[in-house]
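You will see chain A twice below: alongside chain B first, and alongside chain C after that.
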Partner chain A sequence: MPHRFPLPARLARALAASAALTGLLATAACGARAGEETVAAESCLDTSGDTVKVGALNSLSGTMAISETTVRDAIRLAVDELNAAGGVQGKQIEIVAEDGASEPTVFAEKAEKLIREDCVAAVFGGWTSASRKAMLPVFEDNDSLLYYPVQYEGLEASENIFYTGATTNQQIIPALDYLAETGAESLYLVGSDYVFPRTANAIINAYAEAHGIEVLGEDYVTLGSTEFSTIVNQVKSAGADAVFNTLNGDSNVAFFREYANVGLTAADMPVMSVSIAEEEVGGIGVENIEGQLAAWNYYQTLDSPANSAFVEAFKAAYGADRVTSDPMEAAYTSVHLWAATVEKAGSFAVADVQAAADGVSFDGPEGTVVIDGDNHHVTKTARIGEISADGLLYTVWESPAPIEPDPFLEGYDWAADLSVTE
Partner chain B sequence: MSTRLPGSERTPMTRFLDTRLGTWTGFAAAALVLFGLAPLVLSGFRLGLLAQFLCYAIVAVGIGLAWGRGGMLTLGQGVFFGMGAYLMAMHLKMADARFEGGPGAVPDFMELAGIRELPAYWAPFASPVFTVAAILVLPTAFAVLLGLAVFKRRVKGAYFAILSQALAGAFAILLIGQQSLGGFNGLSRFRYFFGFTLADPANQRMLYFIAAAVLLAVVAVSLQLRRSRYGELLVAVRDAEERVRFLGYDAANVKVVAYAAAALFAAVAGAVFVPIVGIISPASIGIVPSIMFLLGVAIGGRASLVGPVVGALVVAWAQTALSEQFPSAWTYAQGLLFILVIALLPGGLASAAALTKRFRTKPTPVEAAA
Partner chain C sequence: MDLLVGQLFTGLSTGSILLLAALGLSLTFGQMGVVNMAHGEFIMAGCYTAYVVQQVVGDAGASLLIALPAGFLVGGAMGLVLEALLIRRLYHRPLDTLLVTFGVGLILQQAARDVFGAPAVNVSVPEALRGGVDLLGVTVPRTRLFIMALAVLSVAAVALVLRFTPAGRRIRAVVGNRDLAETAGISSRAVDAGTFFIGSGLAGVAGVALTLIGSTSPTTGQSYLVDAFLVVVAGGLGRIKGAVVAAVALGALQAVFETYSTASLAKVGVFVVIVVFLQLRPQGLFTLRTRSLA
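Take a look at the complex of A and B:
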């Protein structure tokens, strides 16, 4: 017969004592209770010196590093330009760099460090929705400012975030308009399994229903997945007029290789992508993706003096082989928008910047962008680009004027069921 | 017992700590540092970071017990950490929704995901009592069932390690697919913690004290387990499982207790982690974080009581400090640190004291045999 189990005699006492200790401490809490007015941490921003700090928070390690380091370069370029032109409010701008490490918790930690330890006036950065969602409470609780430069799924508006990338009505809806105009009557949706593709596809389904477009299939893969033979064969046999692609990251490489592999081309079934820019085309291999479509607000090939100057300055700073992409442009523009708002407000203080933001504009590489003071988004011109043999994207269609941001899609009747009351 | 793992060598220091007076002195010193010194010298932000690191240390104590004492290479503690964290996060989201939208309100992220009806499994988490009970019972029960299934079949060594790691990977993938648990983004934006406003610095400080108290409690429990007859039995199973079985003990039961205790510690750590950090997502509980938990324990010295705590704190602190100093090159520095410690101190930082002793005196035959 097995021995009796030797349970430690003093264990119960240790457990009881530790439970009592923890309970005692918990009840001794003396902070504000729910519903009471809280005293937010005072900003430690010091503008008495010759320099003012701003934070740059991008992933320099991990899976997102390949995309986010380019954004860091663009932020640095913009700050260098400001400093060369005499600074902001006569003060030189100093970047405090932090690595978000492609981890939402690290983004939250570093954001808090930048605000509370480095006393920055504003933070530029973030890429994935997960990183933004992780940082949002930090910026709200500490009443500080984040400039977020990437197109995203909308349905959000925080007093403490300026969204300088496109919201859905500046990217996805114009892309659908373009497909509808060019005669697409059926769509196949392929996306990574996270909030942006799911929200985008909810919008696409609502749009399709209202506009008589048939959605023949909707497939999601885990982020980073590279197994596409089943999905691409389903796409092929469904025979849709076009594919709407919301895949992110490495999955695009596998998807487009498989797509070309089974003999599908842009001519018979074009793919509209919302996450493929100049940087990604090289990785996918231009021979696999030539002729396919993308929806953004900026391409390196835009023909304007502001863009020529931007591309030239960027190549001069970081090398002639570098390309400029939409999120980089949006980050570059966000720094200048912040500077313009500070100049207008005559102050670096968060409340003053928030109050002065409405109507602040900047003539950026993508054209003139104007901040909407109500939802903290900016006006953007929608552009459909075609990927050409040289690996760059060329505009094939653009909205006649910059589109007002509408993150909750309040101006679209068919989207009534989608939008959430604030 | 003649076989001692590196890190559990006897030094005058450890001998003193093993006495009753030494134990109390050790706990008093730790309490003084955690409750007195740290809040005095650290800013609110740094104290919050330390609170986060203390949560990792709580997980590490459990790994020290299961791996260091029990020989079970638990490469999947992220599962239990994640269970505790998600259970707590569900309660916080429910409480926020109830407080702001009244009964029947749906947590904000669900509205974004297009979920208008509260899933049935969410409803009980409106109750704080149910949540705390669930955090204490569910992960532990899961560990007991899993442990029984695995250890009764005498799965051990690398097979157990692979199994536990696969479990962590599968758990993260499962969560990414659950839109009603926030999917890839996870759960974030908590406002209240059992009725207290999380944005208030005084409450953030209180969360630090809770984490510190839980750590001390967990260390105390672990110490009692180690000093008991059960603790001796656990080490015996680690070193010679067949012999223990031959003596009439069921080795599987012995292992299950340590494994379940480690799971409970990890779950409690996860539950405390959530209000401190303000977000839990699959990225914090999958394979990579699970390995990071283990790495801290290996660096600190898995067989000693304090080694895992010190290791977890050092690894987390080094990661933060290095990445602040060298934002674009810190991963290399961190890798170098791991290589150096594992190459020079195979028993972890806890064996450093024994190492100096080895240089001073000739090893006794027993130690040489070890």
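Take a look at the complex of A and C:
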């Protein structure tokens, strides 16, 4: 971990102690596994043939399948493109596909299988932070590579993971900047009750305090909850200038329907969402969400040759009625970034790819992204989109230049105390 | 104070949703003792019935009216098949039933995913049910008023069927004492199938109604399953009356807790209350006096 977040000394000691205890317990619990680990670092990757394998690990069943199947499609498209263009280092790329089944433990298990039995050069996938956290030790212990394509709560950096989705300073902070710029002086926070919304809201609270924005309420529902009458009535009576929404999954449908039903509109109280992309709008019903805002780095409607080519190729491969979204684009880009890094390194070996990663760029659908070799994140342009009647999102604001990734928010004075949320 | 009164009304509407989801279960679990973990998937089947009907009919209002009975038939038919193929063979083996129906639920979820795709689909709300009505300082969406009315109607219909029809009398007889009912010439097999049909059909109706407020996705049913079991257990097995009181009480409790904390904490609060309540009164709010002790 190249970056260390400044922690108060006492907390650091407590963390160190608990980490030591956890380590002790883990060693005690799986002594047999620990014994194998000495040989595990030796990769069984074989690059002597005409093909090289990579892993695609996404949930095709369970509650996250709704989102992750689309990411799988994007990964496949990128690999097909690489192969059609002659492969990577002259070798055809073969996907070994696994189903993470929406269970973090399954993700860890399948990651281990992909690395040890299939001997893949890299793995693309994961969506929830829980799945990433579960896979992280597997990739670190086996010294292998994971490309993770989804925006997340930051405060993480691993030598063995490349984060191609936005970290908080490329999504949440620009969204707050936008709301502040457009005159919002008070916010109401609504989120699902797990690590991402809790961390995001801690950041939002710190930002609000530093910028004189009042947070009128903060509410959490259990994942998948569809009961929003109380919350929406409270939001309405609080009368905030805007709502910041970190709900995930099906809850968004119930929330926006209730929101529209009590007479709240985007005009009098806009909702800024960070988990609603093109795929989700259809399920919510565009009539319930038209005019509301979202914060991402990519929209299907971006006007660039690279994006037109991507959207066209995607529709040609999977059907004209399909849409492309930010995580899909980040997954597609991650495959190309990996290929570009391998070409630069002249090798598939993990150590060579890590060494060559800094500064590798790809002209993707969202624009040019560049890998930061220090924290393994990528530069991204922040974009605020408005949901329109056709179900697509259109950019209403974008950062003047791609934003450097800052997963530990070290460049923001007001964020100095945020580590406690981890 | 105004807010509290308003919240109680919100509780009533939350309670009616719980009740609608739990009513079918109070028949299959409460009356027959079958732990049907696939009940949520029958609700989900109702949701997709509403979606399919809307795709065919087009007009949201008309399609809702058609979808309600259609959802009952779809849910009921699925229940009949499940009962005939699996559950009938597993009576008196509650743990096996639990596992088998859980598996069936997973299969149905994946089937929905394969047929309709993984992303949620949108069922449009009829124009007449959009917007809300101001009552005691809170805005109650029309969709919730509709669900309240539907819950009242469904309960009334079930109560009337159980009380006044020959079929209902047979169901009550089998629940009261299976052996004695059989001795009196009642085919408990046919009664079981009938009860399961009605219970599963009600899940389908609930599914159609719930498309008005929630999402329609393969995992929709799961979010209602635990709450439905809570209502039936807290209300007392075998009593529709218990389910009604428990649903409204739980809804009100949730709404009041939520006013003073966050929604997810309120849920914890409700669970704590239920655990304490069941410690004091393990049989639930109302009990069925019966001479057949299983």
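In this text, the second predicted complex is superposed on the first by the 377 of 422 C-alpha atoms of A that agree within 3 Å, B and C clash if a C-alpha of one lies under 4 Å from a C-alpha of the other, contacts with A are read in each partner's own complex, and residues count from 1 in each chain.
Convention: a contact is a pair of C-beta atoms (placed from the backbone, for glycine too) under 8 Å apart; a residue touches a chain by one contact, two chains touch by 3 or more.
Predicted model only: the values in this text are computed from it and were never measured.
> Report for A:130: first if it touches chain B alone, second if chain C alone, otherwise both or neither.
first
> For A:61, using the defined touch cut-off, is the partner it touches chain B, chain C, both, or neither? Pick first, second, both or neither.
The answer is both, since A:61 touches chain B and chain C.
> Let me test your reading of the model: by the given contact rule, A:222 touches which partner, first (chain B), second (chain C), both or neither?
both
> Using the touch definition from the top, say if A:87 reaches chain B (first), chain C (second), both or neither.
In the superposition, A:87 contacts neither chain B nor chain C.
> For A:230, using the defined touch cut-off, is the partner it touches chain B, chain C, both, or neither? Pick first, second, both or neither.
Touch partner of A:230: chain C, not chain B.
> Spot which of chain B and chain C makes contact with more residues of chain A, would you?
B
> Once the structures are superposed on A, label A:195 by its partner contacts, choosing first (chain B), second (chain C), both or neither.
first
> Find the residues of chain A that appear in the contact set with chain B and again in the contact set with chain C.
Chain A residues touching both partners: 61, 69, 193, 222.
> Within their complex, state which residues of chain B touch chain A.
43-46, 48-49, 52, 99, 111-114, 173, 176-177, 179, 183-186, 188-192, 194-206, 209-210, 213-214, 216-218, 220-221, 223-225, 227-231, 233, 247-250, 253, 257, 277-279, 281, 283-284, 320, 323-324, 327-328, 330-331
> For the complex, which residues does chain C have touching chain A?
3, 6-7, 10, 13-14, 17, 110, 113, 118-125, 130-132, 138-144, 210, 212-220, 222-223, 254-255, 258-259, 262-265, 267
> Which of the residues in chain A end up touching chain B in this complex?
Per the stated touch rule, the residues are 1-3, 5-11, 14-15, 17-19, 21-22, 25-26, 28-36, 38-41, 60-61, 69, 97-99, 101-106, 108-110, 112-113, 116-117, 129-130, 133-134, 136-138, 140-141, 155, 193-195, 198-199, 202, 222-223, 418, 420.
> Show me the residue ranges of chain A that touch chain C in the complex, using the header's touch definition.
Per the stated touch rule, the residues are 61-63, 65-67, 69-70, 193, 218-222, 224-227, 229-231, 233-234, 236-237, 250, 252-254, 257-258, 260-263, 279-280, 282-287.
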